[in-house]
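A, B and C label the chains in the order they appear, each numbered from 1.
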Amino acid sequence: MNANAEGQALVRIADLHKSYGPAIKVLRGLDIEMKPGERVVVIGPSGGGKSTLLRVVMGLEEIQGGSVSFAGRPYISVQGGKTQIDTEVRKKIGMVFQHYTLFPHLSVMQNLTLAPCKVNGESRAKATERGRAILARFGLEAKTDAYPSQLSGGQKQRVAIARALMLDPQLMLFDEVTSALDPELVAEVEAVILQLAAQGMPMMMVTHDMWFARNVASRVIFCAGGVVVEDGPPEQVLGNPREDRTREFIERVFHIKG
Amino acid sequence: MELDFSVLWKFTDALALGLWTTARLTLLCIVLGTAIGFLVGLARTSESRLLRVATATYVEFFRGTPVLIQLFWIFFCLPLILGVELSNFASGAIALTLYMGAITSETFRSSLRAVGREQMDACVALGLPRRVQVANVILPQAVLRAAPTLLSNCISLFKESALVSAVGMADLMFIGQNISNNTARPVEVLTAVALIYFVIAFPLTRAVTLIERRMLKKLAA
Amino acid sequence: MDYSLDIGAVTRNLGPLFEGLLVTVELTVAANLIGIVAGFGVALLVLARNPVLRLPAMLFVEFFRCTPAIVQVVWFFYCVPMLFNVFLDPITMGVLALGLNLTAFNAEAYRANIQAVPGEHRDAGIALGLSPAQRVLHIILPQALRASVPVLLTNGIGTFQQSALVAIVGVQDLMYQGKLLATETYRPIETFTVVALFYLAISFPVSQFVGWMERRRGIAAR
């Protein structure tokens, strides 16, 4: 396979199976192919496996079957019952979590420079310079030396996004990044994600905010019961779904029916 | 009865000497004991079952028995086993160091565990190798989280150090008791001794509360 | 080492050790009764708005928490008879000294857990129209008492261990009998090891039980 081939998938998820113990099957043979430049929003009922899907793509979870490839290179697979993860490929993917997960003992700038300096051996001066540029882009230049406990939720989440960008990811994963925020802080985080989208950053995201999903997505996937139920452009999946289960979910979310 | 605290003025030097012994002993055992506690705390999360069982036995033994009997055991039995004389100070220091090691290892262990799963996820998402995860993310947070409890452990040790008087080491308590017996003024002398311990320990317990509040706020992010 | 172990020296003399253990257990149980009950009263005083009630209670708690237990025990045995002209038998004295110490530590545990009941629960009580007394009785106390149980047990077992101190002032507890036996038989290693194991055999199960209780609470709280 040629990674640079035209139409080559950026991420190919094939027949993914994931369960917690024998009883709880979260993903049951899930297939998704994401093309370069796409912005995929995964929606669906809670417990439908959305967040687990993102965590698997990041390589945070053991899986029981299937594989995930990035730019034509399989990097997550199962061999002899054990999950194999190619960490070199994984480095190209960045992830932001619901609960910020900033390192509380490090300042904003130290949070940003830790990975570039320790993983890529970048010089502190150079990493700091890049960090300043990203913070400035996100309107956080005044917070360079602040500690996470001194930031608002929206600021923390923007720092978390900046931290992930420091490693020049080729794909960003956003796992319910605005769910823990007060409503008035959601917009500033969404603005940063839209800014990235405008620059062509491929992303896969789980969100409960359907208006934001419609604004940012180039493609929406409705996941339920551990499989893909519907997959298409946002106008279709959010506006005029073909599948009954999707329609029911969308109607409930938008309160179309009493 | 008549109380006469002026009797104390004659003995300020002796009490100061006793306090100095208490302070030296406490500080020495804090340094050595905390080092042992840190290593044992790590060993208790180790992959090796042998290491886990051995360290757990050590910790449970020292936490499950009176410090007084630990002290007696070291004082009376260790010289017989080793076949060498141990000074009072050495026996006291060994016993209290081992005690401090046991209680601080629990402090380190629980603070290591308190570094949450989400922090580990973030480490993986940033591609941090295991070495960096431990050195730059887990350990600094564990130490910060442990700080207030470690200070409490130090205060406990300071108080427990008074037990060495029971094996004849001339610490503050021992000297206080001697003066009390010689002057037949136990109320004045023993109250003064208690106050000296109090004046040192009380501000430290206030500091623990303050540090705890600050750490929790900082680590809540 | 030039010392051959003779565990028989101890096993032939278990009688006095068991007598000592009985005294130790008596001291512990009685001191715990005082500590559990009086500790709660002192905690309420510490939380009182009136400084005349609050300050002496705070001073009491801090004094016992910030001085060595051995100093407290020795002070109690020497000074109480002189100051108050009362002469009690040594075991009663031991119970009182240990009980007061435990009262201070338990008061602190109760106080912390009463204050840890979230403010929202008080608000909910007000919203439901409960009177201040009803809020304390039906909302605050049940939660605070339940939350205090592990610490009370830990403190209680701490008193069991601290009770060895009364041997120094001549109460014939387990520690005292052990020391006597070690001196009489010249068998310190065997004797002190066995005595230590006696203490461990009681402390360890209780501390494991507390650990189990806290883990269960941790799971329930999630």
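Here is the rule we go by: contacts are C-beta pairs under 8 Å (C-beta built on N, C-alpha and C of every residue); 3 or more make two chains touch, one makes a residue touch a chain.
Predicted model, so just to flag it, every value in this text is computed and none were measured.
Participant: With chain B gone and nothing shifted, sort the other chains into their touching clusters.
Facilitator: A | C
Participant: Where the centre means the average of the CA atoms, what chain is farthest from chain A?
Facilitator: Taking each chain's C-alpha mean as its centre, the farthest from chain A is C.
Participant: Would you mind checking which chain's mean C-alpha position lies nearest the centre of all protein C-alpha atoms?
Facilitator: B
Participant: What is the distance, in whole Å, between the centres of chain B and chain C, each centre taken as the mean of its C-alpha atoms?
Facilitator: Once rounded, the distance between the two centres reads 19 Å.
Participant: Between chain A and chain B, what distance separates the C-alpha centroids? Give it in angstrom.
Facilitator: 47
Participant: For chain A versus chain C, what separation do you get between their C-alpha means, in angstrom?
Facilitator: Roughly 53 Å separates the two chain centres.
Participant: Spell out the residues on chain C that touch chain B in their complex, using ranges where they run on.
Facilitator: 1-3, 62-63, 65-72, 74-75, 78-79, 82-83, 161-165, 167-168, 175, 178-179, 182, 188-189, 192-193, 195-196, 199-200, 203-204, 207
Participant: Using the touch definition from the top, list the residues of chain A that touch chain B in their complex.
Facilitator: Those in contact with chain B are residues 55, 58-60, 87, 90-91, 93-95, 97, 99-106, 114-115, 118-119, 147-149, 151, 156, 163-164, 167.
Participant: Using the touch definition from the top, list the residues of chain B that touch chain C in their complex.
Facilitator: These residues of chain B touch chain C: 1, 60-61, 63-70, 72-73, 76-77, 80-83, 155, 159-163, 165-166, 173, 176-177, 180, 186-187, 190-191, 193-194, 197-198, 201-202, 205.
Participant: Along chain B, where are the residues that touch chain A in the complex?
Facilitator: Those residues of chain B that touch chain A are 118-119, 121-122, 124-129, 132, 136-137, 140-141, 144, 217-221.
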